[in-house]
Amino acid sequence: MEKKGPFTCKELKSMTPGTQVWGKFLILEKNQRRSKDGREIINLKIGDASDEIDVVVWDNCSITGELENGTLIGLLGDMGNYNNRAQVTARRIKVLDEDITPYIKKPDIDIDSLIIEFREMMAAISDPYIKALLEKIFTEETREEFFKSTAAKKVHHNYPGGLLEHTISVTRLCRDAAVNYPMVNQDLLLAGALLHDIGKMDEYEMKVVADYTVEGKLVGHIILGVERINTAINDIRRESGEFPVKLELMIKHMILSHHGSLEFGSPVIPLFPEAFLLHMMDNLDAKMFVFCNKVNDEDGDEHFTNYDNFFGQQFFKYRYTLDEEETGCL
Amino acid sequence: MEKKGPFTCKELKSMTPGTQVWGKFLILEKNQRRSKDGREIINLKIGDASDEIDVVVWDNCSITGELENGTLIGLLGDMGNYNNRAQVTARRIKVLDEDITPYIKKPDIDIDSLIIEFREMMAAISDPYIKALLEKIFTEETREEFFKSTAAKKVHHNYPGGLLEHTISVTRLCRDAAVNYPMVNQDLLLAGALLHDIGKMDEYEMKVVADYTVEGKLVGHIILGVERINTAINDIRRESGEFPVKLELMIKHMILSHHGSLEFGSPVIPLFPEAFLLHMMDNLDAKMFVFCNKVNDEDGDEHFTNYDNFFGQQFFKYRYTLDEEETGCL
Amino acid sequence: MEKKGPFTCKELKSMTPGTQVWGKFLILEKNQRRSKDGREIINLKIGDASDEIDVVVWDNCSITGELENGTLIGLLGDMGNYNNRAQVTARRIKVLDEDITPYIKKPDIDIDSLIIEFREMMAAISDPYIKALLEKIFTEETREEFFKSTAAKKVHHNYPGGLLEHTISVTRLCRDAAVNYPMVNQDLLLAGALLHDIGKMDEYEMKVVADYTVEGKLVGHIILGVERINTAINDIRRESGEFPVKLELMIKHMILSHHGSLEFGSPVIPLFPEAFLLHMMDNLDAKMFVFCNKVNDEDGDEHFTNYDNFFGQQFFKYRYTLDEEETGCL
Amino acid sequence: MEKKGPFTCKELKSMTPGTQVWGKFLILEKNQRRSKDGREIINLKIGDASDEIDVVVWDNCSITGELENGTLIGLLGDMGNYNNRAQVTARRIKVLDEDITPYIKKPDIDIDSLIIEFREMMAAISDPYIKALLEKIFTEETREEFFKSTAAKKVHHNYPGGLLEHTISVTRLCRDAAVNYPMVNQDLLLAGALLHDIGKMDEYEMKVVADYTVEGKLVGHIILGVERINTAINDIRRESGEFPVKLELMIKHMILSHHGSLEFGSPVIPLFPEAFLLHMMDNLDAKMFVFCNKVNDEDGDEHFTNYDNFFGQQFFKYRYTLDEEETGCL
Amino acid sequence: MEKKGPFTCKELKSMTPGTQVWGKFLILEKNQRRSKDGREIINLKIGDASDEIDVVVWDNCSITGELENGTLIGLLGDMGNYNNRAQVTARRIKVLDEDITPYIKKPDIDIDSLIIEFREMMAAISDPYIKALLEKIFTEETREEFFKSTAAKKVHHNYPGGLLEHTISVTRLCRDAAVNYPMVNQDLLLAGALLHDIGKMDEYEMKVVADYTVEGKLVGHIILGVERINTAINDIRRESGEFPVKLELMIKHMILSHHGSLEFGSPVIPLFPEAFLLHMMDNLDAKMFVFCNKVNDEDGDEHFTNYDNFFGQQFFKYRYTLDEEETGCL
Amino acid sequence: MEKKGPFTCKELKSMTPGTQVWGKFLILEKNQRRSKDGREIINLKIGDASDEIDVVVWDNCSITGELENGTLIGLLGDMGNYNNRAQVTARRIKVLDEDITPYIKKPDIDIDSLIIEFREMMAAISDPYIKALLEKIFTEETREEFFKSTAAKKVHHNYPGGLLEHTISVTRLCRDAAVNYPMVNQDLLLAGALLHDIGKMDEYEMKVVADYTVEGKLVGHIILGVERINTAINDIRRESGEFPVKLELMIKHMILSHHGSLEFGSPVIPLFPEAFLLHMMDNLDAKMFVFCNKVNDEDGDEHFTNYDNFFGQQFFKYRYTLDEEETGCL
């Protein structure tokens, strides 16, 4: 352990309890309480681009500035362990007035290359009505916000850029799979894929961590997405006078049905090939995100993660590769 | 059997096989086929305001005019019975050029009194925003169409005026039940009740019998209803500049959640008291319609109807009343 | 915070950690344990007519008398907070020998007015058999106990008088809704509503808090209710010789089917209109109790309660009223 | 085909279409209708102790006497086949005035030996309270009726004596299995087993075929059984003054919980070992009845029966025995 | 209708009732029965590479040869219609002794190009253990049988070559999607995809139509597939002494889990990324086959197919394309 | 409390907090963490043949030797209580080098008598093929391992010898129940019963406590059992050339279907009587194990255990016996 810091959250998690550590982190959650023997305690969840970790702040910690969600801090403390989870006991905290961007979680993939791919996908559409709709929705202003949105509060792609990353991935999967089914209308499919989660821009507020908006909970991103499409088509009709009615219904149907079944929140189920393909690929990409991340889980034993209550299963972490030597019994 | 005709469908159903019958009826469904021995057969389902019945037309029947769905006919034939269901064998059919209105199924309750009650309910709302929204949606033109709409293709209130009848009933139930829960906002509740099935105007086409529209199947009446509310609120905001955002979300939420759970097609579940009350009363009224009609079912035995596959149960037809004499064993 | 006490539980919950507090409360639950460093700790749940709160008693607390469930105590302590829930750290506790009645949770509505309404409902029944049955069951002695019973251990109407409150509410809802369905036999419906939860008198023991009896768990209130009806009808038949058999079966059926489906513990499902209406109104009243209480929940954020595991949802706490100013964006 | 008749139903089913046949049978169901070309048709289901078969009666059939459910007839006709099911076309039918007993379906096992076994089981109980309860319920009169009752309308043990056969089998299974679990109270278990379906005496009316009674459908055999136990215990208490309360609750619980889960109509689930064991053995015996009968099904192919909608599966009919020669591939 | 024949099944289905028709077809199913008036009737289902159709054979039809499943016949008859389905009434049938190959249903895609693609996929695998396993399983002899196998009895890819077509399609989908998830081991994934339904070779017997084998029903294709892998790995280990144990378990796991959940027959659920991806793509390809075929369904109306009981939905048949003119309302 | 030790785990659980205790125990689980005030803490779960208990080890405890899972220790400490569960605070721990066998949990029944019964069951089989298969599988070596295996990780029979105990019990239950169903092939049934959980030998690793193997989780004991049967039948065929194919399929089917339904992990459901009987008895024995143990649960109140999340129910602990005095009200 030559390196003396600063450390990232990911590095902290693998350090020996007792080690002194320091670094710069964002406050993601803050809770205050009093210990059984009457001392003031603050529990923080802090994070950076690499990971998240818990911090406990006792009343003997020196604090400079106001601790609030979304604040960037410099932290000095000791690595510890509480209920088998890594935890830092803070000694000194200082609120920093720096650009927080480098500390926010990001897609693995470079955002700029995703934006280029997004533009190429838009350009690949030849149907003039579909093209017009996408242009009307993805104005420069909307794009800017879209590229910074999250695809979820938890579970998958839950960081700025996550919505773009997920959208590009689903669109790619749809485009490539469609080659197997010549009947599929590629332009219609691409439109559905690019627009399927557009309502998530209204479902979440992106501060430092995503949170549901009131309309996100009362109305939901599926209907919010349809409302954006409604507005755009109304504008097109008002301006140029033309948008095919059945195309309108089919695109709305693809948004409405993309969760695949009523019990997962789609008020209608997919009724034509493009809608079904979109639903499957949305589901695939969200779950593959989880599967691929679980492989690196520190919890669990050598071979399996702990049981995950949300997914109702464990995950197998072992990766078979050729240089594997073992050929005997386990 | 003094009366020699014309007979209503309801009367036909209770007549002895072999009797000669006649009357005026609407054609509700028509299917043509060839019998095993090569003869042309036409199967009709006909109906009037009282009920529906099956007709078989052999190639020796004299037919004047073109038999089509929605056509009014004069029919002379013989009562028969096929697979234990009443059926008329046609001898003579003549297409009539008369007003079909008297032959279309109607609510049990007088439509005009329902319309008066509808107006009173509208008048009872004092919140200006809610009042404005309802006025904007229920224009004279829309009311005219609304009063003729159906609440379903099958199952319950499936005839012109059925949507009004169901809407009034649900609104009454909500209004009366709310007295038990002082916290409930009556204006909000009434708005939700009056608007909850407004999307059914777009879900069905009302010819002589209701049929789904393409948007009814691809989008569904729940979302279609929200779109009508969107349009109205946009108009209000454009014209007068004001409509509370949270009120908008709550009314949309009431429409979206009125089926009560995801598996019944609501993309969100009821999250506040008015939304939950509306859901329960909608469900109650639809099913009470069925329970009350089942009591008069001719099928089944003295005490129970046949098993109904849609509802997954039999119904008990016996009605206890005081003049009941029996006090011994069954 | 001029007022210096005594405080109610509800008041305690809104006080600043660190404040000294005092008041009179009932002990609802008591658990003893030893802390990690070997000190004796007692955890209490205390309550009064307003609410419930947790208390921690360390070994340095001065205690006079024996702490037991159902005991009334005078308590002096400091407000604190543990795992984000309000908690009192006790300094002095004294067991009091006073009437505990004022400290027991009650219906919001005045019990006496409920009793008057109960009598009116009984008086409104004109069918002599049904009247006789209700009189036989609701003897003076039974009424006295019935008026003090609870409708549940947790969840809804879980306090003395709760069974009466729930019964009156369901009966009112049934009576008012029945106006929409002329076929419904009002006397039969009222009988079912007044009797539907009568078995809960045997299902729970009402000490200070409700607890299940052995027959409550082995047999259940639905069957226990039918047994009370059996006994009453046997008595009527023995005394006067007459009670219609089908009426007996229909009333039993209404009790047995009022949970609406097998998976909710009804061995038969509702088969006639009165039974179905009763089931729906029972369900409505139980859940509206929860919805209306959740609006005042202190947990959660400004708009939504925390996720409730029992109901599988969050609740929207915001109440729209006319004096609402906001019309802009959220 | 030397034998010229009379034939049993079972024999008819294996005869070549076109053969002339005759025999004596009971009418189990009768339906009348008119054919498409106007001829009167009667469809009968007839049966005897061996099996059931369909009969079609055209208007050219000679009929002596009144054809009604439960009537014994002499029938002459021709074997045929309709929709792949064996069917007799009647030529001559004569109503007979003979004892119908030999023609009613019976258990495979001799009823008298079952009755002896029932008595031995009763005698094996040593607990005086349990013994008293069983004696009080199984009076001579009740036994007589019990020995003639059916265990079901369809599916399993659906014939006079079937209830006894099923009860004995379940009691035997319970008794033998209990040896593995020393903690089990054998007397309590036997009581539960002997009484578990006693309510079926009230659920069905046994004419020639079983039919539901009104209380069977409105109340159900589980509650009807508990009512018989109530009556008996009340009598015991009135006469001798003593019956342990917890024993009463446990026996009722065993009856109430013997379907094992709420969705199969038990209002409570088994909570102690004897109740659980009884539930499992009741389920086992009912389904083994079906499995063993399915092996002889004529429908389906060499190895498998047709798909059975009620059980949601096919059944494998092949029986492996030692003299099996095949050892190669299938 | 210049063309006078021979006609294909597909052509027959669109012809006017009454037209005389002829052609060569395979007998797929045969049932014999007697009509109500005593005449012998044979019902056939016949088919060719294009489609299937029903035939009714009355006793006045001239028949040369023995009618049996799988026989090729020349048929002359009249087009008719029974219960709204096209049906041929046979006049003359002659059993033919010709090669039946041209009359058997085939994949849309050319089998030879599929075989070439299969070889390329095999060649693309570089991991020596995985390559060895695939070579061991896909011997020349197995390939020959594999290329002629069906992927199902009904529902999807249910014809010779269907298993190959489905396998190639799933493998393609997996390979292309994996590009999005760099962590995925392509060789492992391809092995799983190529082998996932290998057990179907043992589950079905391919005569003219597929039928389940006894092991298909008692053991199932998932386990039968694992047994083929077991045999191959045992052979490899016996011959060369080496196969990595974890690789063995992972490949077996992919076969076992490819139905995705226990209720669809997988005894384990997918636990690592390759297994999950394979499951999703298998599901996608099977259902896209259905969606794409449904678009051409003759049943239903202009926009929607009839309700499909197996899939629990209707399908939208309209295909949006650019030359679509309509822009007004529906 | 005369006795001064050594104590068993069972004895510890009933001792007063504060008492000094000592004894010899196995370490079953070990977790290390740091307390909030920075002290090192070790949490142990220890056990012996009688029960299990928690131990907390503070940094002031004297420890001799290395604490590891499976180690036998001598422990001196004080009884305490944490979160209402008994817990020992360790003062002195010494690792012991003794035979651990006496401290491992065992079946209640003597293993040797189970082994004798196992041999008798094997000897009772007369069918030569079935006998040969059992002999081939249960070699001396396999038996030795089989007799030491566990039937589960948790829930039931989860200790060395548990698999034998469960297997014998299921086989006995099957054998005795089969007497009621003469059609059942006893040899086939016994083979299925003796082999049904044979795959559990591969599913678990038995160290001191059972743990899943990788193949246990990726493949599962049901398939692992079929693989053992495959191997044995292959050996038999190679050596003697003969084993009936259908018998092979039926035995595999019994193993595969013994969980009874797809959602419980059987890829096929029982299709013949022996398979169904085996499934029911396996289920019965596993659950009776739980029911009988729950009666002795210390948790819960006088009559009922606490709610068990795994089984979704409480259990009634009261055992009715004749010397019961109570006859009044509860």
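Order as written gives the chain letters A, B, C, D, E and F; numbering starts at 1 within each chain.
Here, a residue touches a chain if its C-beta (ideal position, glycine included) is under 8 Å from a C-beta of that chain, and two chains touch if they have at least 3 such contacts.
What you see is a predicted model, and the numbers here were worked out from it, not measured in a lab.
Counting steps between touching chains, the shortest path from subunit B to subunit F takes 2.
The chains that touch both subunit D and subunit E are B, F. When the interfaces D-F and C-D are ranked by how many C-beta pairs touch across them, D-F comes first.
Farthest chain from subunit C (centres taken as the mean of C-alpha atoms): E.
Two copies of one chain, subunit B and subunit D, touch each other, and the residues they use overlap weakly: the shared fraction of interface numbers falls below half.
Per-chain CA centroids place subunit C at a distance of 43 Å from subunit F. One finds 60 Å separating the Cα centroids of subunit A and subunit D.
Inter-chain spacing, taken between the CA centroids of subunit B and subunit C, is 39 Å.
Residue positions of subunit C touching 2 or more other chains, listed in rising order: 214-215, 217-218, 246, 250, 253, 271, 304, 314, 316, 318, 330. Of all possible chain pairings, those that touch are A-B, A-C, A-E, A-F, B-C, B-D, B-E, C-D, C-F, D-E, D-F, E-F. Across the complex, subunit B meets subunit C through its residues 126-128, 169, 172-173, 176-177, 179-181, 183, 185, 188, 242-247, 250, 253, 269, 271-273, 276-277, 280, 283-285, 287-288, 291-292, 295, 304, 313-316, 318-322, 324, 326-330. Residues of subunit B touching subunit E in their complex: 31-34, 36, 38, 213-215, 217-218. The touching residues of subunit B, counted against subunit D in their complex, run 17, 35, 56, 80-84, 89, 303-304, 314, 316, 318, 330. Contact residues of subunit C toward subunit D in the complex are 214-215, 217-220, 222-223, 226-227, 230, 246, 249-250, 252-253, 256, 262-268, 271.
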